[in-house]
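The first chain written gets the first letter, and so on, giving A, B, C, D, E, F, G and H; residue counts start at 1 in each chain.
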Amino acid sequence: MSMSHRTRKLLNDLRRGKTSVKRALGALRDLPFKDLGFAKVDVHRALRRGFPEVIFGKGKTPDQIIKISRKILSHDGILLVTRTEESVYKKLKRLYPKIKFDKSSGIIHYAKNPPPLKSGRVLVITAGTADMPVAEEARVTLELMGNKVEMLYDVGVAGLHRILHKRHALERASVIIVIAGMEGALASVVSGLVSKPVIAVPTSVGYGASFGGIAPLLTMMNSCSPGVAVVNIDNGFGAAYFASMINR
Amino acid sequence: MSMSHRTRKLLNDLRRGKTSVKRALGALRDLPFKDLGFAKVDVHRALRRGFPEVIFGKGKTPDQIIKISRKILSHDGILLVTRTEESVYKKLKRLYPKIKFDKSSGIIHYAKNPPPLKSGRVLVITAGTADMPVAEEARVTLELMGNKVEMLYDVGVAGLHRILHKRHALERASVIIVIAGMEGALASVVSGLVSKPVIAVPTSVGYGASFGGIAPLLTMMNSCSPGVAVVNIDNGFGAAYFASMINR
Amino acid sequence: MSMSHRTRKLLNDLRRGKTSVKRALGALRDLPFKDLGFAKVDVHRALRRGFPEVIFGKGKTPDQIIKISRKILSHDGILLVTRTEESVYKKLKRLYPKIKFDKSSGIIHYAKNPPPLKSGRVLVITAGTADMPVAEEARVTLELMGNKVEMLYDVGVAGLHRILHKRHALERASVIIVIAGMEGALASVVSGLVSKPVIAVPTSVGYGASFGGIAPLLTMMNSCSPGVAVVNIDNGFGAAYFASMINR
Amino acid sequence: MSMSHRTRKLLNDLRRGKTSVKRALGALRDLPFKDLGFAKVDVHRALRRGFPEVIFGKGKTPDQIIKISRKILSHDGILLVTRTEESVYKKLKRLYPKIKFDKSSGIIHYAKNPPPLKSGRVLVITAGTADMPVAEEARVTLELMGNKVEMLYDVGVAGLHRILHKRHALERASVIIVIAGMEGALASVVSGLVSKPVIAVPTSVGYGASFGGIAPLLTMMNSCSPGVAVVNIDNGFGAAYFASMINR
Amino acid sequence: MSMSHRTRKLLNDLRRGKTSVKRALGALRDLPFKDLGFAKVDVHRALRRGFPEVIFGKGKTPDQIIKISRKILSHDGILLVTRTEESVYKKLKRLYPKIKFDKSSGIIHYAKNPPPLKSGRVLVITAGTADMPVAEEARVTLELMGNKVEMLYDVGVAGLHRILHKRHALERASVIIVIAGMEGALASVVSGLVSKPVIAVPTSVGYGASFGGIAPLLTMMNSCSPGVAVVNIDNGFGAAYFASMINR
Amino acid sequence: MSMSHRTRKLLNDLRRGKTSVKRALGALRDLPFKDLGFAKVDVHRALRRGFPEVIFGKGKTPDQIIKISRKILSHDGILLVTRTEESVYKKLKRLYPKIKFDKSSGIIHYAKNPPPLKSGRVLVITAGTADMPVAEEARVTLELMGNKVEMLYDVGVAGLHRILHKRHALERASVIIVIAGMEGALASVVSGLVSKPVIAVPTSVGYGASFGGIAPLLTMMNSCSPGVAVVNIDNGFGAAYFASMINR
Amino acid sequence: MSMSHRTRKLLNDLRRGKTSVKRALGALRDLPFKDLGFAKVDVHRALRRGFPEVIFGKGKTPDQIIKISRKILSHDGILLVTRTEESVYKKLKRLYPKIKFDKSSGIIHYAKNPPPLKSGRVLVITAGTADMPVAEEARVTLELMGNKVEMLYDVGVAGLHRILHKRHALERASVIIVIAGMEGALASVVSGLVSKPVIAVPTSVGYGASFGGIAPLLTMMNSCSPGVAVVNIDNGFGAAYFASMINR
Amino acid sequence: MSMSHRTRKLLNDLRRGKTSVKRALGALRDLPFKDLGFAKVDVHRALRRGFPEVIFGKGKTPDQIIKISRKILSHDGILLVTRTEESVYKKLKRLYPKIKFDKSSGIIHYAKNPPPLKSGRVLVITAGTADMPVAEEARVTLELMGNKVEMLYDVGVAGLHRILHKRHALERASVIIVIAGMEGALASVVSGLVSKPVIAVPTSVGYGASFGGIAPLLTMMNSCSPGVAVVNIDNGFGAAYFASMINR
């Protein structure tokens, strides 16, 4: 964080008479975000947090998403909008023809320049085919953040041999994201097999007593295998963001 | 059920003048249970359901348990009291010196004659050491009902090799009872390994978001592997009773 | 399970110089499932678990279902897709004209050859007319798995004489599936009447404080009559699968 | 309610000059309850609601209970304290040697004169022996309010013949109170058998997924048999009060 | 209940040789309901419970409702279908031109002959205008069952003077039904004002933390005023049925 | 409240013979609300509570809303309808061309004369852009009630500098309304920064484990910073009403 | 807030060469709290928030409470410890003989000098006698903060006349705190009677379906009367703190 | 993982005639754990997972804990027992005089040799003093696993300046563990300040609507700031284990 550095420089300038007290006070207040009226776009987040602000599309109008997207893209070269609709994508595409959209997850993404690739690899595992949209949200996010990604679909614990068969994939990953609905047992099983941090994503896949994802959330929370941490239901983006942070 | 047979005989007797209408009406009402004032002891249950009535000790006073126990033992040769205290056992022991007590599960049990042994074997698996009291409740019940029982303790999914190592035990069982707290993933894993009916018992072992057994209950309810049916939290007795019913 | 047998043969071959170490290692890894990219089809499950893999349709795209169905049918003669839509059926029907669809339950099913019939009979009971779709899911599954099935609709406990009147059906069943929404009391009542294993299916039928099936689920979980085990809300398939496993 | 009568008299008096405006205003405010500092004792409730105020003991100190009891007994001849401890009873007994205490339910009760007996009969049914304390709370309340009471213990649905055997008791009751924990199915069954209003009391008897009475509460709320209304968990007093109100 | 009477006659006939054992056994089984394949219509319920069977429309297909309706109307002169759609009504109207439909509550009703009127009056109170559909369900049911009904809309506790102003209506009722969503406080308030049995109906009116009716349900369950019993959320029919049972 | 004054005058009139007892009784009953059949419009509420009755639109038919609106507007000059649809607005607009509608919050509002402005200022803060509809509901309500309002959008705790940057806005407010979904932490943070009463509004913005607003509701309820009080999920109107009451 | 003032002075000093850059940076960091190792005592809170830090005793060891208390008292003249035990009080009393303790609420309090009295009056109302400990917590807090307090005990809605009788107390209050367990309806009723801000405190008083205070919490959250805001269950302190903030 | 290596060696031996098929089969089954009858001690876990097995003390008898501890210590030099009692510690201390015990967290720990120290630093932050036992569990675990640990107590969001003041500590950490009860907002705030992975531990500290930790759990799950992952309520050990895995 360069903040104390900037402050120090400011104080030195003031000390040396290069600036006035009034300007110094103003500068302290002039933090790097812009105000669109309805949304504070945090354009310096790329510096502070290593990745530009991400737009959570749900509950925002198309116009709001487009305005924020333009602001971000005028500043950073990376755009990520989660949980949005194809219609928003189509409107944005007219402005930025290269942006992409994944229909299953409702994610809009674009990177002017490919980010530098990290050496570690993130493995994304799903228990079932229906968990794929959440996995796509994770995959797109991971790639935008410069991670090598490997996907392993449909290896739920009902057929344990499927995951046992893929132990080499588990072994070569630096971080593992496990995405599972229904009973969500896969996170514990994977964590018990290898000594890698497991980020567990419960999904709303299931019916009846899965209660929209409460069942796998509790399963993952109560994992008897240490080395599992949990993010919100269906939160593929959050898991990927966290994985990227700890991927070397 | 001999009921229609008994009714037919009764009607035939009536038809033949061997009994009166009044007696016939009375006989239809004279069902085989006895009234102790506070508890209807169902002494013919051994015939009807294949096992005498079981006393659920929780919420009953020692005096009530002893009275019901005496009634049952005066009629059947098998006694099973679950969820009771050692003090009740000590009082009963004075009357029936041969009865036994398992302290961890709070179960009193006694069989005048060993029941005939079934050919099938019931395997009882626990995920952790702390699940043992529930497993004991299951074991005692199973043995009282004439089942060969095999126990497999502490093979939770955090170390999957432990259960994989014991596949021969899974293979030779007719029915499997899986007892697990925390995240309860073991039931799905076991059910995915072998084609045997799995009766899953969630336990209250755990803390925080296990919510006294809700977490494993939901896990088991949502098992992605068919062949799993669930009983109440900590209900070792119920699982054993059900297992005995389907054990050949 | 022929696994240890196959391993033994492999080791013998290796010992006798009939195969190389490299091939032996590879063979150990070549487990019998195929990878479609998004779904691991477990085509040897028919051997391992006695029934081919079942497709849970919810959350899968029509294309995914069709691809998996083709894979399964190219290997096994039995197809079962649950919780799917008529449109999927229509597409599949063009490829496999003999497959069938039950609209109320959204189940697609097909058996090239009728399975051999078991001697035992499974009785499926519903508390109300609105529970029928779940019952249909159970019936189709049971028949595909070679069970004699008897259906008993609309015998809820509000009119107890309806179920008492059908005791001969209860008596002649080997296994009983009780399907009930609202308060779900029927499972306990049936289990108290006969000494047969009862698999209870809570349904989401009801309103208000039935909370989408939580009320009957809890009722069935807490059954005061031993001999009841519970599957997930609306899970007719799971109940049928379990029933078939324990039907002689 | 004599209020409009009293008001009319007051206004007439005022009209005729028998009272002043100031006194009239005061009289309108002088409602019939007394202020002990911490508790408003509603001594005219016996007139307004047909029964004096009942003291809910839980959360009150012994001193508070005794003070309120004395106030009530100085005005009415009936005292009912629910959910209290034996120590409170012993202190009160020194003041009122004839008061009685039921240990199982923690109820203190006393009636100077036996209330006039209603012609209708209230039947109190419990599903299990452990429900007896709640039944005692109901019985004492009913008798204090002048109802003929009949008790039927331990007739839960696990052995349906027990309640079927007692249909004459159901038939001769005017109102039925069904007290049941665990799955609480008894209320629906009883309501389906006879055309009598059934007041259902869920109890906290049970364990695991009974969740302290939530399971039977939901069961009773969702009864598929009309004619069932529900009171709070373990609320024997409330059920009795309501039953007495509708008993002819 | 004429059952013991009919049985006695049957046994007498058998005794006197007027019937055979086989016929007697058959007669015992020939209980008065008819089997439509999917629904047991309980046509003698009018005798046994004082009102014909009521059709709960939700989850039933139009065809099923029509079939059951015809069966009921061929036997009884009263039809009541709750929670159904206008389209079902229109189809039924072609067969029975005189049936009526209330759109707000989705209730179809018809009585060939007006039922004899009871002397007591049932007062139906709603807290808000949005509770009216539930109130209509109650009103139609009450009138079909021969009760004098008085309606009092929109007198929630936010403006207490509204209900205080209507005390004469409270006073002249025999039974009171209180229908309230949001916080549901009206039931306690009404019950505290007059000594009449109050049947409380929580409704799903509200938003946020009303959780579809859980908030008023809990409020009513925990009423500090005795004399309140509760039915399911939005269950206007059940409240009316219970009220009619206790209305003199 | 002028009630005791009016009563006193009435009694004086009676005392002086200016009115009869009958008229006095009637006058006492003639409270100031009007009965539309389905809704008691409380037209004197503007006097009693400082603001006319507000119409909660959800669950009311357009006709009902229009009828009540006309009644209110015939008496007061202020109309506020929350949670309604544009179609209702369009119908009302034909009658009252000056009324306004906010689409995002579904609020209809109109004030014949601008209310007198209070000196204090209410600050409305939202954590995210998606919380804006609730903020609009609050803003419109506050302005109708004569409050100076300042809006601060999208200052959630993920970028703490955004709210720290706006401390002068916090400082100059008399009352602060914090509107936040997801984890709802903003209320505690704001309350810790300044010594102003904070009214917290949880919103249903979020997904998964936000459970429709339960997560922020619990967060706000458990605020470790005193000075926070909470209203219902999405209840912008309620927060504004309360804020206006305490704004000087 | 003097922060910008202090900053301005600091910058001026720096500008004028009265301080060094290093010291200026340090001064910016030297915020006014002291570090005891385990607890940051916020000794300047009295300035910033108008009241010194309050110690929430639950979960703290006696030694921790005493250490923090000494720190606070060495700086401020006011001490408030909530939810603690008599033993802590006795230890503290040896150090500060004038501190006081309220046993029912477990509150320790002390004010060196009586705070200046505000002109407004806060009315604290409880629904039942068992709510008194929470009311005491509120009363002590209010008095320590310089509020005139009036208490009104045991005026729950079961006897509505009790609160109606006390309308003059409602009228003369500036702010009202309503404390109620069980169904918690009192808050809505009070809010409907007068135009005063009502701070509602749900309490854990009750049993069964009150679920430790969830029932009254939901009731208060869903109040149909605007002007109600809610604090945590049993949080008498929080209600008082908020009330004091808005009391003029 | 050396497994495939060991297998390859085994197969080579077999190929070369150095071992028999029978021995090879046996060797494949001889996995490295030992069976104590009730608990499978996983003594090779130190190799496989980088840390020996940890004993979760709750629900285990002292004898069981001691037996497992001895087994672990006979193989590894590190012992960690969580959630146990002082009495267990005292018994173990007789056998291993150097083991240590932290009373606040109930943790027993011992390391024969200090583990090699990692370069990264883990920062453990608590919101309040009452969260200290959970923090101690984390600290002990972290140190046993060779992490540099920095503790920051009592910096909850009620006084935001406390955490802002400590930004240098945030900056120099590699991983941050945030431990917070009540509303749990601290995790989001910390995550928003620095770009470090935050592992959030909800605690059961609080009362009322914190529901034993559900409130902070949901808060943390729904964090609007990416970079937060959550472990079970009060699970200081799990957070530390995960943190150690990702600490470089």
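In the analysis below, contacts are C-beta pairs under 8 Å (C-beta built on N, C-alpha and C of every residue); 3 or more make two chains touch, one makes a residue touch a chain.
Everything numeric here is computed off the predicted structure, so don't read it as measured data.
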Item checked: Equivalent interface positions on chain D and chain F, same or different at half -> same
Check: Could you state the distance in Å from the CA-based centre of chain D to that of chain H?
Finding: 53
Item checked: Chain centre separation (chain C, chain E; CA means) in Å -> 38
Notebook entry, point to check: Where the centres are mean C-alpha positions, what is the separation of chain B from chain E, in Å?
Noted result: 40
Item checked: Averaged-CA centre spacing for the pair chain D and chain A, given as whole angstrom -> 58
Item checked: In chain A, residues with contacts to at least two other chains -> 128, 159, 208-210, 214, 217, 221-222, 226, 232
Next item on the list: Kindly provide every pair of chains that touch.
Entry: A-B, A-C, A-F, A-G, A-H, B-C, B-D, B-E, B-H, C-D, C-E, C-H, D-E, D-F, D-G, E-F, E-G, F-G, F-H, G-H
Margin query: Per the contact definition, I'd like the list of chain F residues that touch chain D in the complex.
Written below: 4, 7-8, 11-12, 14-15, 17, 20-21, 24-25, 28
Notebook entry, point to check: What residues on chain D touch chain G, complex-wise?
Noted result: 29, 31, 33, 37-40, 42, 45, 56, 58-60, 64, 68, 83, 202, 204, 212-214, 217, 232-235
Checklist line | Sites on chain E touched by chain F in the complex | finding: 128-132, 153-155, 159, 161-162, 165, 205, 207-210
Note to self: For the complex, give me every residue of chain E touching chain G.
What the structure shows: 127-128, 156-160, 182-185, 188-189, 191-193, 206, 208-211, 214-216, 218-226
Note to self: Using the touch definition from the top, list the residues of chain B that touch chain C in their complex.
What the structure shows: 1, 48-50, 54, 167, 171, 194-197, 199, 217, 221-222, 226-233, 237-239, 241-242, 245-246, 248
